[in-house]
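Please go over the structures that come below.
Two complexes follow with subunit A in common, the first pairing it with subunit B and the second with subunit C.
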Partner chain A sequence: MLEVRGIQKHFGDQHILKGIDLSIEKGDVTVILGPSGSGKTTLLRCLNFLENADCGEMTMDGRKIDLGRASAKDKAFVKDRTAFVFQNYNLYNNKTALENVTEGLILGRHMHKDEAIKTARVALDKVGLSDRENYYPSQLSGGQQQRVGIARAIARNPEIILFDEPTSALDPELIEEVLSVMRKVANEGTTMVVVTHEMSFAENVATKVVFMDQGVIVEEDTPQVIFTHPKEERTFSFLKNIIHDTDYVI
Partner chain B sequence: MNITDVKLSYLIEYFLDFIPFLSVTLQYTLLAMAIGIVFGLLMAKGKLGKNRILKGFANGYTAVMRAIPSIVLLFLVYYGLPKIFMGAFAINLTRINKVYFVGITLGLFNIAIMSEIMKSSYLSVDRGQYEAAVSNGLTSSQAIIRIVLPQAFRISIPNVGNAIITLLKEGTLGYTIGLIDSMGRANQQNALTFQNHILEIYISLAALYWILTILLDRGFKAADSKLSYSSRAKERQTVKAGEISKEVAA
Partner chain C sequence: MTLNYEFMLETFVESLKGIPVTLLITAISLLAALPLGFIMALVRDGNKHKIAKAILDVYASFVRGVPMIVQIMLMYVLFPDILSLIAKALHLPIDIYGVPNIAYAILLFVLWTTSFLSETFRAGLHTVNKGQLEAAVSNGMTTFQGYTRIVIPQVLTNMLPVLCTNTNTLIKMTSLCFAMSVIEITAIAKIAAGNNLCYVEAYLVTALIYIIICFTVENIFKFMERNVSKKYKRLAAG
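And then the complex of A and B:
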């Protein structure tokens, strides 16, 4: 469903992504692990054209896109089929929870307003925030804001949702409410790519775990294999550190 | 003369006498605001845009305006502009109402002030919201118009209030070219009374401006809190931006 080959990205003379290949099937929950600065965020942003890759090739739903020369139409095609959940939520502060969800439906999907509201209410209900639809982001806790962020993503019914460390800006006691919403979304068969340091989520929900370091994919496999006998030394030492320290790192 | 000799009846008399002349103040302030908003917006676009020439021009303009004393610019506009128009287009500007010269002078300063306010307000809306909007299906201009600008507008309110108060006060320099606003009127009264009421006259004038400023402040505070949905974090950014407009005005 989504396949990328040889994504490269520089920031100035820093080589951030050094040729990433990734293939994602429908219903996959792909968790990307890796130390801070390894290029995980940059990779997700390139998949969604929030950042333009230098080169590489993407195939999505049969459409081939040269990432180095993607047209506005290509970008719109991909943006229409993907949604992004941000580390710091990035809700529209001038819009209520409901409006945060309807905005993209009305403007992006050209949905009629009533229909958009109906769709948004279903999404807010799914993340357990039906009673907060008229709250502004500043009136919501971090966990609630992130759940609105997830509602905003699922309401558009995208083919893939990209999550960039969705819980790492949250106080520890708020993490679980967001993870449980994510598990629910995963259980419904949504295709997800999740950058996270939540090992329990990776172990129990992921269908595939990808370990990234210094701009390359070091190894990828099922969580069972990655967590019990990783092939690469780098993967092993990363996991050892994380699992020994706490349940998450930032 | 002794401060205890100041007569309350004169204070009131002059105060009431000056009030109608506020219409002149209103005229040049409105003209300066109109100029400032229209051209300030273009300058702010230049400052925020990628075009090096426009950016350089906008920044250079602001730097020059910061350096010129108001009275110097006023003389340049009042004595210089008619000469230029006469020479270049054979148009005679000398019969035009002096209030326009003051309005244009203040407008030229205000372009610099407003462009700085607009720029800093725009930048204080976190870029993540724009990114969320475009990844959620909004076009770039929809994201700017519906998400970024409404928040930037609200953030700018206190600074715009300060800018207006600055204009009101700077406009009193119009007396140097013979404009009769409340300041000009005060000078007239002072001459007519052979400086015998000098304290009453200028205390009344000071009181008038003081009250005007209080009323404007109240109005802007009311508008500000009426539109307050934004997070507390943003309030703090407003304070930072406030210093800029004062700096430019000084």
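And then the complex of A and C:
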């Protein structure tokens, strides 16, 4: 359903993405692993046009888009079918949890207000925050804020949700509540691309793991293969460093 | 030294008639400068419109660097001449010198307040993380909606105390309009002072009127601040 070929991105004279190919099928949970600075965030942002790639090609739902020359319509097409969950939540601080979800539905989707509220309540219920709908972000814990962020994404019923390190800004004791919501969303068959360092999520939920380093995809495979016998030395050493308290024997 | 209390009372009542002019200049300047100041702040902080940015930077330096009284004199003395030259060149049948002075005062103060508030809004824009705008756009809002619904309300809220000071500064600045023969509070008192040779009394009265106005403005802003913070805290308790 989403396929990208040869995405390249420079920041100034820094070559950040050096030709990324990625293919995502409906229902896939693709986890992207990789060291900090390898371009994971930039890749996700290019997929959602938060950043414009220099060149590359995207096919989404049969629509072919030249990323170097994407039109406003192309971008709107893709944005309408994707949702982004941010590392630092990026909730609207002047809006309640409920309004955080409804705002985009009313303004972007031109949904009637009552319908938007109904949709938002279903989404907030799914992330376990029905009782917090009138709270402002400043009155919510980090974990709760991120769950509102996820509710905001799923309420739009997108074809793909892009998660950029959704738990890495959280205190350790708050990580699990967010991961469990993500597992639930995945189990409902939502197509997800998740950048994370949570190996348990990668191992147990991902249908595919992609390892990125220095702007290229080094290796991609099922979690079983990646975690037990990766083909590339770089993947191996990355995993060895990250899984020090290991249940995994690589 | 004894004060002429009778004169003070008379002048006080007389000067009150200048309040509408003072408030008119202030209100129009603020209303125009709210959107214009935001646009100016965004252009100056952005990287897109390089030429506009360069021009606005120069303009901001001018407004900041040139004393208000000099700006007023330029507007009052030079600007009508320029306009009438232009009108003549274009053969427009407009009598530039028939334009009331207050129109020039309003124009100057709109321009001045735009630049003045753009500094406040620039600082304010830094209090709202850019991610919220990105989230808005990725949730289907236009950039314009992202600004008007998400970013700007927060900038205004965060900057209320500064905007209060800005408003009072603006009100006090309008007192210089007497130099353009605009009959506002200060001008009325000044004329009365000259006619009766009661300068001390006249300026005491003027000071009192500005204190009352600025005190009122401060309380209006405090009221707004309380309301805003109540809104955000209302549910924290229960």
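Simple rule for what comes next: the second predicted complex is superposed on the first by the 244 of 250 C-alpha atoms of A that agree within 3 Å, B and C clash if a C-alpha of one lies under 4 Å from a C-alpha of the other, contacts with A are read in each partner's own complex, and residues count from 1 in each chain.
Just so we're on the same page, a residue touches a chain if its C-beta (ideal position, glycine included) is under 8 Å from a C-beta of that chain, and two chains touch if they have at least 3 such contacts.
Source: prediction; values computed, not measured.
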{"item": "Superposition on subunit A - do subunit B and subunit C clash or fit", "value": "clash"}
{"item": "Contacts of A:I243 with subunit B and subunit C, given as first, second, both or neither", "value": "neither"}
{"item": "Subunit B versus subunit C as contact partner of A:N94, first or second or both or neither", "value": "both"}
{"item": "Touching partner for A:V225 - first (subunit B), second (subunit C), both, neither", "value": "neither"}
{"item": "Which of subunit B and subunit C A:L107 touches, first, second, both or neither", "value": "both"}
{"item": "Touched partner set for A:F84, first subunit B, second subunit C, both or neither", "value": "both"}
{"item": "First (subunit B), second (subunit C), both or neither touched by A:Y135", "value": "second"}
{"item": "Shared contact residues on subunit A - subunit B and subunit C", "value": "48, 50, 79-80, 82-84, 86, 88, 90-95, 103-105, 107-109, 136, 138, 152, 156"}
{"item": "Sites on subunit C touched by subunit A in the complex", "value": "128-129, 131-132, 134-142, 145, 149-150, 153-154, 157, 232, 235-236"}
{"item": "In the complex with subunit C, residue positions of subunit A that touch it", "value": "48, 50, 79-80, 82-84, 86, 88, 90-95, 103-105, 107-109, 134-136, 138-139, 152, 156"}
{"item": "Residue numbers on subunit A that touch subunit B, as the complex places them", "value": "48, 50, 79-80, 82-84, 86, 88, 90-95, 103-105, 107-109, 136-138, 149, 152-153, 156"}
{"item": "Subunit A-facing residues of subunit B, complex", "value": "126, 128-129, 131-139, 142, 146-147, 150-151, 154, 229-232, 234"}
